[in-house]
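Letters A, B and C name the chains as they come in the text, with residue numbers starting at 1 for each one.
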Amino acid sequence: MTRFFPFPLLLVSLVLMWLALTSLSLGNLIVGILVALMAVHGFAALQPSRPKIKKWHLVPKLIGVVLLDILRSNIAVATIILQGRRRQRKSGFLTIPLDLRDPTGLAILSVIITSTPGTAWMDYNSARGEVLLHVFDLVDEADWLDTIKNRYEHLLREIFE
Amino acid sequence: MSMPHAANLPLWAAILVAAFLVIGAGLTLIGSFGFWRLRSFYDRVHAPTLGTSWGTGGIVFASMIYFTVLELRPVVHEILIGIFVTVTMPVTLMLLARAAIYRDRAEQNPDVPVMEPARARLEEASTGSETGSRLQNGI
Amino acid sequence: MSEMIVVFAVWVAHGALALAMIFAMARMMRGPRAQDRVLGLDTLYVNSMLQLLVFGIRTGSTFYFEAALIIGVLGFVATAALAKFLMRGEVIE
């Protein structure tokens, strides 16, 4: 089974993408499955690491938390930009030690942090497990540390480790 | 400018489409304005993410509602653009940020934290306990 | 009534996105560093992609969607290549 369908999640999302780009019909479904199978086998030939999601039920919670946080920080950053120089603001770099070691989990954490306005993932040191962030509104370092560690890293560790 | 097909739109859908359009375009404008106005590169990295998160989201939602209500069947292919932008923008931003940090460190710019692995190497040199893997990984 | 609301919103969105494109282009020309210019180009790509989506709503045709998708894909590839170029000064290494 896994020999013919190596990456089932990727296969399903590629077929869905094909159907969204063309139109919903039987012919398109067949062509889409063929194209997706070819793409999945090509991807398997690259020998990527296999991420293992252990707790599926936490994935919707993670997506919800992230979407809400992105909306909130959109408003926060937009307010800061509109307020201009009237408001004293300090931005700066922040080093955070991480316990998460799973490569997929780290990749997802970096995408979450960078796509949230106000925080950007700058550098990661795998030997020390430390990440260098740049924070737009660095009022309280401990507050940001708490947000990243307890809100995202905790969930990601439960999902992947 | 006239949009004759928009007359078939029910009022609630028109208001929703208009609200999402204005919010999305407004957030993108604020992001680009901040990008133009902020002073340092590392501050400016944050501004365009407004346009790529809920700026794109708002316009994509508006387009989805508009075409779905007008054609009376779900038109969801716009969501591909939303997914695509949210997945690719962090990757480009991280690549650019790393390039900027690399260039600033090469010029020994004092605003940027020194390379962490350099400190690790110094500690190793003083204690002499760990070698090898750290040197290879800590680039 | 609903036509008027949508037409007004489409005009506002067109104007806001055009202004956003001008801001991105101004930063792209001003620099001062190469990374500012690359980020300006990327922002310009995203803004023009959104502008095309608004065009799609205005004309009621879905062809603009495909153009927007292509701009998004090309913008990503171009910015990734330029960022790689900034790291070492060579794209092929």
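Throughout what follows, contacts are C-beta pairs under 8 Å (C-beta built on N, C-alpha and C of every residue); 3 or more make two chains touch, one makes a residue touch a chain.
Worth saying up front: this structure is predicted, and the values here are computed from it rather than measured.
Novice: I want to compare two interfaces, B-C and A-B. Which one has more contacting C-beta pairs?
Specialist: Higher contact count goes to B-C.
Novice: Among all chains, which one's averaged Cα position is nearest the averaged Cα position of every protein chain shown?
Specialist: Of all chains shown, the one whose C-alpha centre lies nearest the global C-alpha mean is B.
Novice: Quick one: report the Å distance separating subunit A from subunit C, using the average Cα coordinate of each chain.
Specialist: The computed centroid separation for subunit A versus subunit C comes out at 23 Å.
Novice: Can you compute the centre-to-centre distance for subunit A and subunit B, using the mean CA position of each chain? Integer Å is fine.
Specialist: The computed centroid separation for subunit A versus subunit B comes out at 12 Å.
Novice: Out of subunit B, which residues touch more than one other chain, so two or more?
Specialist: 31, 33, 45, 52, 77, 80, 89, 91, 98
Novice: Please give the residue numbers of subunit B that touch subunit C in the complex, ascending.
Specialist: Per the touch definition, subunit B meets subunit C at residues 1-7, 9-11, 13-15, 17-19, 21-22, 24-26, 28-29, 31-33, 35-36, 41, 44-45, 48, 51-52, 55-56, 59-60, 62-63, 66-67, 70, 75, 77-78, 80-81, 84-85, 88-89, 91-92, 95-96, 98-100, 102-103.
Novice: What does subunit B use to touch subunit A in their complex?
Specialist: 27, 30-31, 33-34, 37-38, 40, 42-43, 45-47, 49-50, 52-54, 76-77, 79-80, 86-87, 89-91, 93-94, 97-98, 101, 112-113, 116-117, 120, 133-134, 137-138
Novice: What residues on subunit C touch subunit B, complex-wise?
Specialist: Listed in rising order, the residues are 1-3, 5-14, 16-17, 19-21, 23-24, 26-27, 33-36, 38-40, 42-43, 46-47, 49-50, 53-54, 56-58, 60, 62, 65, 68-69, 72-73, 76, 79-80, 83-84, 86-87.
Novice: How about subunit A: which of its residues touch subunit B in the complex?
Specialist: 17, 20-21, 70-71, 74, 77-78, 81-82, 84, 91, 93, 95, 110-111, 114-123, 125-128, 130, 132, 134, 136
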